[in-house]
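First comes the structure, then the notes that go with it.
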Amino acid sequence: MSKENINIVQQFASDNYSGICPEALSAMQDANFGHASSYGDDAWTGRAANAFRQLFETDCEVFFVFNGTAANSLALASLCQSYHGVICADSAHVETDECGAPEFFSNGSKLLVAHSADGKLTPDSIHELATKRQDIHYPKPRVVTMTQPTETGRVYTTEEVQAISAACKAHGLSLHMDGARFANACAKLEQSPAELTWRSGVDVLCFGGTKNGMAVGEAVIFFDRKLAADFDYRCKQAGQLASKMRFLTAPWVGLLESGAWLTNAAHANRCAAYFAEQIATIPGVTIVSAVDANAVFVHASEGILEPLQKRGWKFYTFIGGAARFMFSWDADLARIDELVRDLQECALSAKDALV
Amino acid sequence: MSKENINIVQQFASDNYSGICPEALSAMQDANFGHASSYGDDAWTGRAANAFRQLFETDCEVFFVFNGTAANSLALASLCQSYHGVICADSAHVETDECGAPEFFSNGSKLLVAHSADGKLTPDSIHELATKRQDIHYPKPRVVTMTQPTETGRVYTTEEVQAISAACKAHGLSLHMDGARFANACAKLEQSPAELTWRSGVDVLCFGGTKNGMAVGEAVIFFDRKLAADFDYRCKQAGQLASKMRFLTAPWVGLLESGAWLTNAAHANRCAAYFAEQIATIPGVTIVSAVDANAVFVHASEGILEPLQKRGWKFYTFIGGAARFMFSWDADLARIDELVRDLQECALSAKDALV
Amino acid sequence: MSKENINIVQQFASDNYSGICPEALSAMQDANFGHASSYGDDAWTGRAANAFRQLFETDCEVFFVFNGTAANSLALASLCQSYHGVICADSAHVETDECGAPEFFSNGSKLLVAHSADGKLTPDSIHELATKRQDIHYPKPRVVTMTQPTETGRVYTTEEVQAISAACKAHGLSLHMDGARFANACAKLEQSPAELTWRSGVDVLCFGGTKNGMAVGEAVIFFDRKLAADFDYRCKQAGQLASKMRFLTAPWVGLLESGAWLTNAAHANRCAAYFAEQIATIPGVTIVSAVDANAVFVHASEGILEPLQKRGWKFYTFIGGAARFMFSWDADLARIDELVRDLQECALSAKDALV
Amino acid sequence: MSKENINIVQQFASDNYSGICPEALSAMQDANFGHASSYGDDAWTGRAANAFRQLFETDCEVFFVFNGTAANSLALASLCQSYHGVICADSAHVETDECGAPEFFSNGSKLLVAHSADGKLTPDSIHELATKRQDIHYPKPRVVTMTQPTETGRVYTTEEVQAISAACKAHGLSLHMDGARFANACAKLEQSPAELTWRSGVDVLCFGGTKNGMAVGEAVIFFDRKLAADFDYRCKQAGQLASKMRFLTAPWVGLLESGAWLTNAAHANRCAAYFAEQIATIPGVTIVSAVDANAVFVHASEGILEPLQKRGWKFYTFIGGAARFMFSWDADLARIDELVRDLQECALSAKDALV
């Protein structure tokens, strides 16, 4: 079977349509040499953990799991008990797209949902949810989870993170950051990962590797080592301990030591910005909100979007009620130009049809 | 950092010390081309599922998860409720080495343990556990899980599987097969996978890919499609749905379409047999039981084993109270010869010391 | 210590402030004679189960548990798996007042919440939630739970129950009825329990005993016996099997055989209606919605409610944003008159203060 | 229906065949006066908690739940996480008779079972289980649960409890005491409840009320208040918070303030001792072990036991492989004499048959 038959031409429906970036693949190939101790007791895993410690400029505890659903759910479960509540935005991935995984891993914790236009939590929304119910008939709020960038492509500034952290401390809540696209936030803010996380009060970060260019894998990073007690057992029991761990960790070495983690994200962000710029003046097409990271959300009529899909373009429309175009580490400018051109033509046809 | 510093010379402690076999790696590289739909909606995943259907000569339902702990636990959870019991041998991996994962995924199912010298269940032991308690104060037996080959390296014959299946049917129990090394059983018995499983009454098989030459990944195969209802939701919620699924499934295509799944296993088995043959006459060294698959369990005094470890050899001693030597798809005969030589010398020294 | 010091004068904050009704207490005392087999294998338990079968005119399966939280959660858990969704109204007790119990007992099922002014689900709201998401990234809807009467004191008509049942069938959903105050609905509708439940499509009913006059205890009634498979094990494992079961079931015999279950509820309903009637013309006091059962929800300014509380009256204000007055099986008309008088006086004072 | 038809004449199969003792019933009746705040916010509950604090001479945290399965499981769940192990004797009720409840409430904790002839744990058995596995592939031991008295009717001396506590401290384990018949241990040892628990290193005690003469109810007592954090939420979520709490707590007031908790247990113990004494010389009948509390385990041939059952006597034979005779707070000496006589006659007949 030819490769062409199996894979598809570049699309902008999701950044997880992309493949493995060269730095990650090459490290994985390098790791495929001889034998290595299993379950993380190998040199690649130690090296990857150290690369994280260097990146974050602190002696954090690092765990490697298979995917984001597990990373977030295990981290949250480690911060609360089944009768506790987890405060999140209503568009948070943990609430909308993980099929009840946080509830499953924690054996019943309830997500306490803050309505939010841009997917961002605020100190006020946290305060409201943290104080709404104080009786034992309702789960006791215990953790806040924020998505950085949000599902709707917005990036929290460091000041916003700090303000949220202050609200958490005021209410005795732990602060978890779902960083499935954390690198994109770093690229946007041009601040150090340390600044964006523990120096601003984040307790635990789930750092996404898959969308950043890996085949599979996320890192769970505990800045407060005490919170990580027995987390290795938790991962093992929950089916998240890889036996041939080196193949989950070598790619991290490739990404982190080369700096590709950041250049990948910066490229994706730039492509999103470029696309937004190109379509800004197309009549009937509105960009929904600021393009902070690698997503562009677009409002357009069915008369525009349907023909666009008929031309073969894929995009999600179920998030935030808009058409989402997502740019990955390998986004190709020429292919974006094709998309822009098709979108222009579809918009024009739709306009003509109205006249 | 040079590769040599990171990985170790070939060892025989576990078959998960080995790397990725050429067929799996090459397919993974082939899959790394362009974009592909995520979460299994891609051509590689369909192709891998079909390869399994061909291999098993039936229209089975196939799911791809990250590791064996999850594969077994999710399969068992789908076959019972929290108040049910799962019958297994006392040396079963689910009982001894998965940190309570079956109990976690099922929210409390109890493992009902049959004592077994060679790790094999028998119709009698199943009958005993299935009838021991019939009151609601004890979990109701609902599933039998057998490990093929067993943790102690023994292979159930097709007749044995059929007899177990008959016992299951007599007691209304489902039959699950933990096939972390299923390929090694096939290689040993020289019978078709269909014969060894559904034709002999197995309801669900967890087919191990990692030890068979993949980086990561196991397949859960439901021969009775009704039992697979909503299993995709179960996987998703439990953090076992890969977003870039093609990298979990392309290696299966590589293994299955090339036949490497079987040649890898056959090589490993041969190496175990070769090692057993070479050490058979070493004084003070006894092979514990028949070498059916890719493991050799050896009884020897501390006076022999300690010096062997000091020479740099790694092996487990916590399974079945013996020293376990495990041979992987890439086991190297020359390296085995080194091990044999060292074992001979250690045995000789120990004998001399006694005199 | 005198009794007066320990208990309080009659209040209308909740119907669970009331004690044990004579019929229930007397049966409990009768049951306290000699020895009886434990765990439900006694004559009282059989008699109570039969009384339910007679009441519902069908050979239903009946289980006795300690409280409503457990009754609802166990029933729901038996109707779905952890990755399924449970459709309910946003004011449903399972959503607002059980501290995540349904999520806990089911190991993670998500409550899918329909916004509802009067606490009632409708075929439309069920249809909307049942079809909103069809992908594996979100819990699959599997059960509908309706509260009869609703938390806001409204009673579904038989036609409404039938319409909901039809919507459930159309979407492959089971129908559970939370009947913590089911007797009050029966008293209101003057229809047979059979008509209000299984003949209208209800699969499982949780029939509340505590608010109906018992000390402790609810019944879980499966009209479709197949759905009750192994439910006895589920209760046992979840800590809901009483050893001295007769003391949980004899009161049911007392309530059901004497008809007190219905007269108790009718009295409570009448008291609510009486109260509503008496306060209907008090200026500044508005009854929020139709008084179908034993609750009256009242809108009034803080200037009225605060002085009322200062006079020693207790009522909840956190349900439906109104002051709730709840009338129990033992509600005393003279005491209600006192409440009416005080409310009138407080309303008058508040009005005077405004002038 | 006459009472006689519903209840049975006194039996010795289990102490939960007995009814409610006068002191508990009378308090329950006293509590049934007027209204009381629900969910434990009433005077009876405060009074019961204080009675426990006085009894234990310390400011412990006290929670009231419905039954022993829940009491033990919730207490254990509060002391460990799902990936931890709970050390217990192989005959412990949590292992043999709670249908996997500890695994359910803790979401997967594994019971690590010590083989024990008399049901007692020892420092050695704890040490062995605490150190057997130190890797993440097996649940990490975190709690020890001891049953006082044991399922086989033996009472730990204070010195034995202290030695176990020392072993726990040495291995960083919490110590839980399943005191379903704790009062019987106190009666046997004639030491203060404080001495037998927290002064000897017990962290949490489940104090059984049902077998002590109540209709329903157990108390969970945390001597280390920090361990009780949010335990009220845990109870609520798990369906163990009674709404009309006074009826669960007033009986405790009745038992504790009157001293009946101890006189009830002492009577039961005396009856067991009396029975043991009376049958000591019957040929073919052997008392299995020391009669410390209210159980007598008897070895006798089927030729003796079967005729005894045919005469209408009930006793369990599935615990410890012997016939168990259990004496409750209301055991009647005349009825015991009848049993002794019948046992003598059966033994004699069996002997004659052999000749």
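By letter and in written order, the chains are A, B, C and D; residue numbering begins at 1 in each of them.
Just so we're on the same page, contacts are C-beta pairs under 8 Å (C-beta built on N, C-alpha and C of every residue); 3 or more make two chains touch, one makes a residue touch a chain.
Because the structure is predicted, anything quoted here is derived from the model rather than measured.
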When contact pairs are matched by residue number, over half of those of A-D recur among B-C, A-B or B-D in B-C
Taking shared residue numbers divided by all residue numbers at the interface, is the value for chain A and chain C over half (same) or under half (different)?
same
In terms of CA centroids, furthest away from chain B sits chain C
Weigh C-D against B-C on C-beta contact pairs and write down the one with more.
C-D
Centre-of-Cα separation between chain C and chain A, whole angstrom:
43
So, what's the distance in Å between the C-alpha centres of chain D and chain C?
34
In whole angstrom, what separates the CA-based centres of chain B and chain C?
51
Of all residues in chain B, which are in touch with two or more distinct other chains?
82-83, 98-101, 104-105, 107-108, 136-137, 139, 233, 236-237, 241
Once bound in the complex, which stretches of chain D touch chain C?
1, 3, 5-11, 13-14, 16-20, 25, 28-38, 42-44, 47, 65-70, 73-74, 98-101, 104-105, 107, 210, 215-216, 233, 236-244, 246-248, 314, 328
Complex interface listing, chain B residues touching chain D
82-83, 85, 96-101, 103-105, 107-110, 136-139
Under the definition above, what is the set of chain D residues touching chain A in their complex?
39, 81-84, 107-108, 136-137, 139-140, 230, 232-234, 236-237, 241
